[in-house]
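Below: a set of structures, written as structure tokens.
The two complexes that follow have subunit A in common; it is paired with subunit B in the first and with subunit C in the second.
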Partner chain A sequence: MFHPIAWLLWLGAAVLPVMLSQNPLYLAIVCLAAGIVYAVVRQTSPLAQSWSSFLKLGLTLIAFTVPLNALSVHAGRLVLFTLPRAWPLVGGPITVEAVVFGASKALSLFTLLLLFAVFNCAVDQARLLRWTPAFLFEAGLITSIALTFVPQTLRSAQEIREAQAIRGHRFHGVRDLLPLFVPLLTSGLERAVQLAESMEARGFGGSLEPLNPRREVLIKIATAMALLGLVSGFFTATYFRDQQMLGWALLTLSLTALALVFRIQGQRVRRTRYRHGVWRRRDTALAAISVGLAVTVFLVRVCARTALTYYPYPPFSPRPPFNPLLGSVLALLATPAVLAPTRREQATSE
Partner chain B sequence: MLRFAHYVSRITPYVSRITHHVLLVCGLLIFSATPLYAQGPHRAGLVVQFSDGTVVTRCVTFAEDEISGEDVLRRSGLTVIFDHTSGLGTRVCKIETDGCDVPAEDCWCQCQGSPCLYWNYFYIADGVWRYSGLGCGSRTVRDGGIEGWVWGNGRTPPPLISLDDICGTSTAANTPIPTVPAPPSPTPLEASTTAPPSPTASEPGASPALSPTALAPGATFTPRTVSTSGQPSPTPPDSRTPFNDEATTTAPSANLGGYAAFAVIVLVLSGLGLYLRKRMS
Partner chain C sequence: MIEFKNVSYSYPGGDAPVLRDLSLTISEGDFVLVIGASGAGKSTFLRCLNGLIPHFYGGTFGGQVQVMGYDSLREGPRGMAQHVGFVLQNPEDQFVVETVEDELAFALENYALPQTTMRKRIEEVLDQLNIAHLRNRQVSTLSGGEQQRVAIAAVLTLQPRVLVLDEPTSQLDPQAAEEVLDTLVKLNSDLGLTIVLSEHRLERVVQYADRILYLPGNGQPPLFGDPVEVMARVPLTPPLVTLGKALGWEPLPLTIKEARRFARQFQVPGCKFQVEPETQNSELETSIEVQDVWFSYNGHDALRGVNLTIRAGEFVAVMGRNGSGKTTLLKHLVGLLKPRQGRVAVVGIDTRRASLDELVAHVGYVPQNPNALLFADTVREELDFTRRNHHLPSVDYGPLLRTLGLEDFADHYPRDLSVGERQRAALASILVADPEVILLDEPTRGLDYRQKEALAAFLHAQKREGRTVIMATHDVELVASCADRVIILGEGQVVVDGPVRQVMTDSQVFASQVNKLFRDARFLTVEDVLERI
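Let's look at the complex of A and B:
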């Protein structure tokens, strides 16, 4: 539908306001936009079934967060009723403000869940993993093996179960599971050996250009130093307030060094692609809108922090503030649903 | 229908017994929660030490048997900003001019590194200041309790003051609230006589309206009472005005416009969703 990178940018732009703002009105707009995109995406995704039930489970979050916040926070002017003060923790006035704030927290959690449901339904993991940087190709390979491991194991467990059932085996207690586990273990080991052999047959690891040993040691030392500098720079910048300049300097220096090392490492890997991902015009549009939205939200956060925050307790009003401009910018998150090809277009293109 | 009536008649005794138990438990709870007889106005002392070392005291009278430390602060008449957003208790972010403006800033805006300054919460037990392990929303204050708040790093308790110094020897309620300069500290409080090193406070020179007296090392104790009951409290900072309650109640039209825009955006999005659904099917 869209390029994985475009989807990644959209996800980042959508998650940013949810993480930064507690305002229920902005959250409602993001949630609605994500819901529209989800309704479009789920029609073509094989994962939609499981994610839909997971989202239904997510709705029960409201049943927990609202009473919890209402019972534990006793601030606010609009008192619904009062529990006796002698009751530990829950005693005191139960206020509208606490209920509203609990509901907005629940809304933000559910919106995050919905956003990740959209992303998982829309993006094929294998296509996304193809975009791991060159120096990380081993980690990408391990991730892809792990991602295929669980469904493969589940499928083979189902097959073994069926085969044993045909032979007349009945699964009642824990002891009956032994004829299921032993073949599962052996088949898993067999598959692992098969995978290792096929990787070797394809020349795995041979694509790395050899380095002379002195340079390799140098690169290893540089990586360690850069990582150490990264950690200490981050700590200095955030912990010692009067040494912030030094911390940021250290941070930028070590980040540059790390990028350099990664570049050198990445150049050693020769990669070939069998299927190239196509970047269409609509991907450009989605990426541009996402980046613009994220930058807008970030600027609002930096310049006028109070525009995003929501604090219902006195001395503020429980009625959330709303900026129409910011609200309509957030509504742009529904773009993937508008730009997505219809079924007929998809059928003709593939 | 008959079976239903039969069923009802069978469970009725159980229901009535359960109701009886529930009422009994509720009654016990209410009985334990309310005192047998009202004990007149109770008193609690409040000692607040600001970043420049000035100490302000308040006497809070209350009719209940016990109130929370948060209530003491609320009833003191000081301008206090709380933060309830964590859902697990109350944080004190700002008293008068010292602290952080929530939500424009983080509640612990000056405690994000090694010079960590925040409102430290102390209470007097056995004649000594103790750092409270509980938050002000959870700690209960009874008659005669003294609460201390210090803008600092948690190591310096406020000067030791007796309840009579704060509230005056007369027990009459609503006496003019005195401001007492700190006495020379007894042994456990040596740290408090040295004025706290002026930290990176955003607003030095705290609360001129409260006519405080700076703590000087070795200051002699003079029980001078200054009536501050008529003093206007400092105006809240400007950053709060956009969402201030008064602002929203006096000018609801601006907010109404915003809500109308919200409704329009929601309608447009819903229409889009319906249209896309039609196009898909």
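Let's look at the complex of A and C:
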């Protein structure tokens, strides 16, 4: 339907406003756009799950978050009713503000869930992992193997649990984990050895162009230094308010160094790719719209800080502010649904 | 051409060498079958061919292995991958990526071949193995036979001249195994690909082999030669060959067709269904009662109206295709699954009302994979654990371990045992609770003929002691040697239910080799024939 990279950009553009804004009106627009895309995507995706389970999950979220917030936060002027103050924690006024704020939080969680559901539906993760840059190829491969290991492990866990249950094993304490854990671990290891053999027998590994030993050591030292710089830069920037500039400088420096190391490593990889996903015109359109949207949201956030924020408690009003221009920009998130090929087009192209 | 020159090898930490001074030559285009008891070094031999030994496993290696002029020690697995394709036992465990087409591309990508070459090679291999229709499928959704064919395709994309397979059919049901072997025979005859394969169930494959290599283990010198010659000199043989050897048939027949000639002289017409009516069973009490049981997994009907009565002391074999409901039925009998509709009663207890605790006091269930059970540091602790769970006092495990041939392994770490020993250790850890009903799911996977014989004898003894034995299996020969009743399931329904002699004589597929040869209800096993002739 779309290129994985285009989908990735769309996901980024959609997640950004959800992370930056609690404003229920903007969230609702994103949620609606995601819903429309989901409805279109699931028609053609073999991975689509049922719509109803998502709705159920969303309703459960709302059912938990709204009462929790309403019962625990007693700020606000618009009092619905008051619980006896003697009751611990929940005692006090129950306000409209707290209810609205809880609902907007639930909505933002639900929207995030929905966005990832769309992404999951639309993009085969294994294929996405093949787009990891050359120097990260092994990391991508490991992740993809891990993804297939999870269902296998779950299946064998079920098998082991049943086998031990019939043997009279009952769970009483931590020690009883052993009969479940040991077979799971050992069979996992045995599977891993088989997989490693199979990969080795198909020429995996040793696909790096050899370097002279001195450069090899240099690269290792550079990687270690860059990672160290990354951690300390992050630490400095977050914990020492007055040294923020230094922290950011460290971060930038070590990120650049890492990118350089990766680039050098990437040039050594002797591998080719079988799949070259086709980048169509609609991918360019989706990518451009997504990037534009993300930049707009980011600029709004930087230039007009209050435009996105939403805080219903006094001295602010529970009625969320709304900028129609920003709203219509966010509505562009429904682009994939509009640009997606119809079913007939899809059938002819594949 | 493959050449072994004085090859010796021992695993790291292993005291005795697995291969000792092995020298042999395999000519190009041969179909070579490697046989031997479990632990005799078959896998070790195969792994020498592509350098996994010693490069992957370490250990002490001496001598030289050359494949098409390439030294496997010098080239290593990566260098050898272009000359030797290597396929493992369990298809599921050798897949790296999710879809069939990407799996086929994996090896090519590792060798950085240009994309146009990759496309061409993948299309070719897809056609050679008849799997073009699977190209976009996820490997996890394929059947066992399809998976193994994809695994073969994934190594053939590098266009090796030799294909090595380590027990490629041991995890498959007979139909899937047939599918894989047919593919191999075709590759061997159409492409001239040299095939080296190890296998336990010789009756499946012996007729295709040009050469057989027998590894006796314990450092004894191997036998390598013409199938008929090797078969005549080795102890592990399929029932047909065993019979031929016992009756002195010359030349030794390897297929039913070849044996017919000799069998004709014994043919006694008109005694096809001389089966003793099962009067002796009818007064025995009912052990298991299954009434109109229905069960479904995610909307798919796994059992559809199954009715069964099994009496105490019966030995029942449950057969049928993969997915016909065998395991589901067994799980109902131990109460792991409860019927959606209908009733299952085990020794008079309704499984829907009873807790698992009540049921497991009477029923022992040995799962397909013994590894799911074994966790303790020694076999003895394994047995202690079961006794403790059942609130039974610790007893002397000597007799039980002796009958299972495990007396020397009581203090061994269960995971270090061979496949057959592990299977028996799992059996022991269930039987130590002294159940009245024993359920076994595929107990013979990966067992050689001798181990299978021992298992059959043991189960038979259990039956004589009055226990009910119910076993789900694909292994027709095992059923012929020990079961007395066969139930064949199809699509979740009982298709056939009857005494083993009658069912086998009636069936083309579910019949033992000896029975196929004589087509006579009196002859199921080699012993049957030898007793009467």
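For the reader, a short list of remarks on this structure follows.
Everything below uses one rule, namely that the second predicted complex is superposed on the first by the 296 of 350 C-alpha atoms of A that agree within 3 Å, B and C clash if a C-alpha of one lies under 4 Å from a C-alpha of the other, contacts with A are read in each partner's own complex, and residues count from 1 in each chain.
One rule holds in what follows: contacts are C-beta pairs under 8 Å (C-beta built on N, C-alpha and C of every residue); 3 or more make two chains touch, one makes a residue touch a chain.
Just so you know, these numbers come straight off a predicted model, no measurement behind them.
In the superposition on chain A, contact of A:A39 is made with subunit B only, not with subunit C. Once the two complexes are overlaid on the shared chain, A:T82 sits clear of subunit B and of subunit C alike. Of the two partner chains, subunit B is the only one touched by A:S328; subunit C is not.
In the superposed model, A:Y310 makes contact with subunit B only, not with subunit C.
Look at A:T284: by the touch rule set out above, it reaches neither subunit B nor subunit C.
Touch criterion met: A:L25 reaches subunit B, while subunit C stays clear of it.
In the superposed model, A:T256 makes contact with neither subunit B nor subunit C. Under the contact criterion defined above, no residue of subunit A touches both subunit B in one complex and subunit C in the other.
The residues of subunit C lying in touch with subunit A in their complex are 50, 52, 55-56, 76-78, 81-82, 84-86, 88-90, 92-99, 101-102, 105-115, 118-119, 122, 140, 151, 154-155, 158, 331, 334, 336, 356-357, 360, 363-365, 367, 369, 371-376, 385-386, 389-390, 415, 429-430, 433. Remark: subunit A residues 22, 25, 28-29, 32-33, 35-36, 39-40, 43, 68-69, 72-75, 84-87, 89, 98, 101-102, 105, 238-242, 305-306, 309-311, 313-317, 319, 321-324, 327-328, 331, 334, 337-338, 342-343 touch subunit B in the complex. Note for the complex: subunit A touches subunit C at residues 124, 126-127, 130, 141, 144-145, 148, 151-152, 156, 159-160, 162-170, 178-183, 186-187, 190-191, 194-207, 270-276.
Residues of subunit B that touch subunit A in their complex: 29-30, 32-33, 64, 66, 81-82, 84-85, 87-90, 102-105, 112-115, 137-138, 200, 236, 239-240, 242-245, 248-249, 255, 257-259, 261-262, 265-266, 268-270, 272-273, 276-277, 279-280.
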